[in-house]
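Below you'll find a set of structures to go through.
Presented sequentially are two complexes of chain A, the first with chain B as partner and the second with chain C.
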Partner chain A sequence: MNASDLGAWFDYTVNGFVIGNIYALLAVGLALIYGVSNLVNFAHGSVYVVGAYIGWAAITYLGTPLPLTILCVVVACALVGIGIERLGLRPLHGSSRIAPLLSTIGIGLVLDQVVQLVFSPDPRAVPMQVPEWRIQLGGGTIGALDLLIAAIGLIAAGVLYFFLRFTKLGWAVRATAQDSDAAQQMGVDVNRVNMVVFAIASALSGISGLLVGMYYNQINPAMSFEATLKGIVSLIIGGLGNVPGAIGGSLILGLTESYGIALFGTSYRNLFAFVLLIVMLLFRPNGLFERGRRLPPEPLTGTFIARARPLHVPRWVMAAVIVFAALLPLTGNSYLLQVGANSALYAMLALSLTLVAGTVGQISLGHAALLAIGGYASGLLALDGGWPVAVAIPAAGLITAALGTALVFPAFRLTGHYVSIATLGIGEIVALVILNWTGLTHGAVGLGGIPPLEVLGVDLGSVEGTYWLSLAVLVLLALLQVRLLNSHLGRSWRAIRDDSVAARSYGVSGDRYKALAFAYGGFAAGISGAITAHVYSYINHETFNAPISILALTMVILGGLGNVTGAVLGATLLIALPEAFRMLAEYRILIYGLVLLLLIRFRPQGVMGTV
Partner chain B sequence: MTALLEVRGLNKRFGGVTAVVEAGFDLREGELLSIIGPNGAGKTTLFNLISGLDRPDSGSVRFLGEDVTGAAPERLAGLGLARTFQHGRVFGNLSVLDNVLVGAHTRLRAVRPVTPLIGPLLEFALAAIRPRAVRAEEAALREEAKQILARFGERLTPRLDHPAFSLSYANRRRTEIARALALRPKLLMLDEPTAGMNQTETAEMQEIIHDLKRSGLTILLIEHKLEMVMRLSDRVIVMDNGSRIAEGLPQDVRNDPAVIEAYLGHREAGAAQPSGAEAA
Partner chain C sequence: MMLSRRAALAGAVATGAALRRSARAADPVLVGISGPLTGPNAQYGAQWKDSFDLALSEVNPTAKYPLQYVFEDSQSDPRQSVAIAQKFVNDSRIVMELGDFSSPASMAASPIYQRGKLVQFGFTNSHPDFTKGGDYMWSSSISQAEEQPGLADFAISGLGRRKIGVIHLNTDWGVTSKNLFVAAAKAKGAEVTAAEGFLPNERDFRSTLVRIRDSNPDCIALLAYYADAATIVRQIRTLALPQPIVAVSSVYSPKLIELGGEAVNGVHLITTFFPDEPRAEVQRFVKAFTEKYNRAPDTFNATAYDTMVLASTLVNRYGPTRAAIRDGIAKVDDVPSVIFGKIKFDPQTRRVAGAQYKRLIVKDGRFQMWQPGAPS
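Then we have the complex of A and B:
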């Protein structure tokens, strides 16, 4: 190895530490929050974006010097953190453990959208407030910003250590983390502790956003999702709720990514992060720094199934609705039909998710990946394989069923939050494999020229054709799902959700029935993705992205988890209603976020009731 | 005659805490064996080790002559072992009847073919298509489940369609036992079936267990209410701190000084009944 190689490796190492430090500022906050409130805060990355934009605004409009910029970010983000605790966590005390997690997802959506509406979705450059000099070291260099980031990381860790170890409030935080009920009994104001922890964590997250903005010289509202994920990966590597572990985990992740980029290129960077996540969840769910594979004592189980009786819809009403929907093309309103077809395609995804998340209780946050698999499978079979579309679509459903089940199978032993994090990671891995497996998927170019819908020579590419086909498939899938739910299979699924231990003691194997649920769910979602691909005629790795997973979850909760009618209703409402108020188009995702938040808080059983 | 259940030298530690030490006993067919002991004596852990919810560190369990040490709970259920849980684990969102029908899961033949590999796919197809055999099986099991529930008199029959979360604590325990009976167990393990029940309810439950025993069912019972244990049991094992401190006929155990010492704390209370004893 010659000197310039060594220099490059030195630079990659420095880069890895810098990125690791930035992740650490995120992960420490996540660990603190998890410690006191058993919550994985999915709004964390959104606070990071808020921090980046507050910093940008302060420098741009007020011309603040660096210390003052940091102060602005700290104060603003701490306030946002307090708001998250007050709105997303405190009112949900006593509901299922997954409820606050879903609520932070909603808050994250809302924050992202507010930032986007205020500052526009375009990227901004954060003015560099650090001198541009670099020190030559060996063959590589270290810049002033690298040193600043390292210094801020160290100072934050030091201050945090001092706070937790030597201040009265820090003791209260640690006591709450050990046992919040006992702490409360001993006079600790747990709400205040949570509030302080959210403020600290959010301030750190905000600083992290500012530093990233300076480091890459660019910020945009969409970077929140990745920040949340990276923070969570670091957290899992270090062990949930383990603050020093989170720092270690962040540095490991930063270095892994940096070396990974050196060896394989930038597009693989996130793949490393998510593969690391899944490996950790499967083999060391307690983190690298703790012994044993036993999961922490269960605060995490408890599905988000509100105890309510579902609304009963008489058969004739259902039949009338189906007939009405089938006759809709007679109106000749092609815009209406387009919205209808879109609703039906989303409803298939919602059917899939309501089965997996509602009936079997596995809250999946990566469901859009099933659409992607279905879309690519059908598109590739038709394009590169030359299969007729009418054969490619059902085949894609079967492929998605098999592949989706196989991908999630290793995660079946996980429960509660871990399932959600694992499915999120698997979903991202699918998107990244699609991006990088150029030989099969055409990579970043995407799939173009996918043939239009066509069955036995009948062209269904028209708006009416698409609508009728989507509606017919939806009705068939919904009827099949109802039939399954009313059989012993449905009973077994619900038994696993309600108490997997008791279910196993009566011979109901968790693996087998979760696999069957994911297989059916994969089939329904795969068909939806396949039809979508033929309708769009072009898809790429970003067509079925993570926000679609969250949207599907909102639909399913809106309808009532596990409820087939509810899933269809939820999808139709969330797709059709924003269309009805077209002037609100740019507020659409904001509305989704608010709907999710309000539902979790006020009507967790949804419109139609959980089953 | 070999024993239905043979437990030999079971040990289990949790971190530094020894939960079960060298537990061993035989259970013959038709016998009712009670395990008693103060809270934290290791009774429920022993149940978990036998029923496959926890793996022993050492020792062996044989059920129906087969080695089932550390076997998965699904397999034990398939062999005919049914258990109830200390704190009552019903399926909260399922109706009472559905809870009992889940209990019959291992007995389903028509809808749950045992074909290897494609078994799950067949099960899926059968659930969707529902041929006559599947419908007949479901109908027969429903009838049977109702009969099992009728054992509890008017307690559960008016509530067949109620979700289990809406039941009283005592009714949840009854539902659990009904669910266990639906498995048609060869061995029934009851973990404090009368916890939280008042005297009348306890007497009813005692009557039901007595009937089950008379019908020839083999029963392993954890119970705190000594009067009930004395009346029902063929044999009693007394545990304390994970170890067996006495074993024998009810009347012998009752007068064993070591038992009185461990269980009641002081000799003077030997004749008293700790009627209010609650779950550990």
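Then we have the complex of A and C:
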């Protein structure tokens, strides 16, 4: 390999700029929204997909020329943006900082599903409407579309920069960003400013969807997640809310990926992107281009905890429910039991997340990674290490506790949005390490032939066995968690959540208590992943994927953050109800998204109330 | 597409209603299908349905035991496929199970089918460990152990190439295929200059291609699905790499040409199913399918059609019980097949050998039979 060849490096550099150029269009819109609303918009990639499909439909059905196509996309996406702001975010004004972020996740799910229902998941070709001439540059070529994308990115950033610095409405926007209440008192129509910003940013996102669709001659609804992720990484590199910085951040991300491929190979590309994200979050949370050591604009407190009195469930009712659940196998309905076992396994995950997100206030968007660590640890110990399953599962719980805590530990100093983004990145890193560390994890081929559940020679591989084991472990973990929450430890956790500065001044060290919470949460989730691995007999890096993290968060919010019974109830509802309504399967993820949105808006304390 | 999805749903409802009606008359013989009707792989479930309906409309009128199917939507998600497996195992009317689509979903359900002594027929599961799940796991998925040497032979003896750069999907399927391809190429005296694995949903391959270019291959092999292959080939053209391209059968789809445009002209590929092949089974299937659905079938349609014909043959030849199906599938012979000509299983590997590969080239925006010696 002549990777040291100067010509090749020139090509890698050009390629880095070409892909960074594409990320920039996404990052500029995200930066604008952050600059005004202090909000990382997780629905941004979904608007990008909407823009791509509207452009495709306009060209295919109406035969529009490029300027008219762009106009259609701009108008439609601006309207979508206004809708997001008006329906999804404005009603949340005055609630906790994390609420709008969760709301954009819900909106993103809903938009993606609507696009998929209307246009089908099939990839589509977007007819190229830009002249196809190309310029030779080093060993490769760049085309008119590359230049158009660069021009639109630069012009958008330039116009936005001047708009924000030198116009009255721009000042209003920046005033709103700094302190929306004060701005309102000074006569700024904050709502209108927000609406305009969402319209502009969404229109920009829609155009990038269209152009990227033309660029690759291919669009599909699944491309939104990747777009959001790459946009957010660029945003963090450039500095949250820094519009010109977003372009710089995008180009740096593009170059990092391209050089990463050059040095280590294609399958390491995203690993580089996410490691860069974590490094930036830890060492330069304000971005590369921010000179001052301004603190991240996050409140000291402010988790997504709505004050509520938790619903009190009498002990005898709980006991009766447990006895009822334990007797369920007498029905002999193995399908029911399988659904029950799934619910119990997810309930363990929800217990873990409700502790971390609810009790300690660290909203994690990468919780599925803990399942993956637990599943792989137990599977590998049993398969390659030859350990008995009954020993491998608790060992996997301990390994997940240790590894999970160690991975998140550096992120403990972060708060609010930064925690969510960091955990999202860590979740992706875990999946990519599993994929690439072939020597340990068997890589992409996955772990096959994982031995079935058995304890002391008793085969628990039958559905009754799986159900009873999962239920017993769940009950034990739940009781232990209730015990912990009522102890000194639980009070310290809630103190950190409610006011970390006050907690510290009383001698409660945030990091140690957060570590304890992640360790216990990691243990519960690790056990869940381990049992799942033995039930499935085969897992790979995609078995525990990002949508599971979002599902777990929905469960926890549905049940009531921090609430142990709520977590179990939320998991049971979201696992069992879709089975009951199989006819509605097509709308399942849409329904999850709507449930999440409606809860955040109307019942943030969940069904059982927060603790 | 929306229309056809609605039609598929309506079909599901109609099948359900038909089931309830006939359940009163006599117990019908059922096969259970676990597959994606929604979610990211929904298009494949919809394709299965079309082919199953076509196959049943042809075999049922003359069969002693007419078959019906129950299609449960798993979204190709292991959590749901295990619940569906319990449902099927519990339902004594079901004599055989078909699916799931993806390996994680199928293999998670395998222990349940094995315990329930119900044959799980994973006709798209090429994962080498799938049939190792137990003696009730069978597959007619094309074996990569056969396909990859065929592809290597196309590049080496067909196109006379000696140094091959490989781009493969970094999944269980892609890595297995790549390993088999590399081994086959080496055995035939060629060298693999580089092997680059990419992630699903990746769109930018420019830097990957620079790596491939700098390894100085005289041929590029694509082990990918059609959507990714179209993107890769387009970028190969923008980098102006002159090497010929060979690709596996999974790129064979009309979508390759739709998504790839002019760029895919000149791509060489092998395929097990080609509608223009003169063989009688193929022509009859293509004609019937086109008449019924007003579009050309692809490989997934052909595989699903073959599978339902096989299921009907097993039930009618060996009897409508789970045990009879398990015994029968090991010895069944001479089942007509679009993909294989005739289906016969190897009772050791529980897979089918002898898929017939055609060598194709994309020319003037159409798939055409490749002629040795023709300029590409």
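To be clear about the criterion, the second predicted complex is superposed on the first by the 571 of 611 C-alpha atoms of A that agree within 3 Å, B and C clash if a C-alpha of one lies under 4 Å from a C-alpha of the other, contacts with A are read in each partner's own complex, and residues count from 1 in each chain.
The criterion applied here is as follows: contacts are C-beta pairs under 8 Å (C-beta built on N, C-alpha and C of every residue); 3 or more make two chains touch, one makes a residue touch a chain.
Nothing here was measured: the structure is a model prediction, and the numbers come from that model.
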| item | value |
| --- | --- |
| Clash-or-fit label for the pair chain B, chain C on chain A | fit |
| Contact breadth on chain A, by residue count: chain C or chain B | C |
| Chain C, chain A and chain B - angle at the middle CA centre, rounded to the nearest 10 degrees | 160 |
| First, second, both or neither for A:R494, with chain B first and chain C second | first |
| Contacts of A:S258 with chain B and chain C, given as first, second, both or neither | second |
| Partner chain in contact with A:R483 - chain B first, chain C second, else both or neither | first |
| Partner chain(s) touched by A:V233 [first = chain B, second = chain C, both, neither] | neither |
| Partner chain(s) touched by A:S462 [first = chain B, second = chain C, both, neither] | second |
| Touched partner set for A:I54, first chain B, second chain C, both or neither | neither |
| Which of chain B and chain C A:R588 touches, first, second, both or neither | second |
| After fitting on chain A: smallest Cα gap, chain B-chain C, Å | 32 |
| Parts of chain B lying in touch with chain A, wherever the complex brings them together | 51-53, 72-74, 76-78, 82-83, 85, 89-94, 98, 101-103, 105-106, 108, 111-112, 120, 123-124, 127-128, 130, 134, 138, 163, 165, 179, 183 |
| Contacting residues of chain A [partner chain C, same complex] | 1-3, 5, 8, 11-12, 15-16, 18-19, 22, 116, 118-123, 125, 134, 139-141, 143, 212, 216-218, 220, 222-223, 225-226, 257-258, 261-262, 265-267, 269-270, 333-335, 337-339, 342, 435, 443-446, 448-449, 452, 461-463, 535-540, 542-543, 575, 579, 582, 585-586, 588-589 |
| Residue ranges of chain A in contact with chain B within the complex | 305, 307, 309, 480, 483-484, 487-492, 494-495, 497-499, 501-509, 512, 515-516, 519-520, 610-611 |
| For the chain C and chain A complex, residues of the former touching the latter | 1-2, 5, 9, 37-43, 72-73, 75, 78-80, 82-83, 85-87, 89-90, 103-104, 107-108, 110-112, 115, 127, 129, 132-133, 167, 170-172, 174-176, 194, 196-199, 201-208, 210-211, 213-215, 227, 230-231, 234, 238-240, 255, 258-261 |
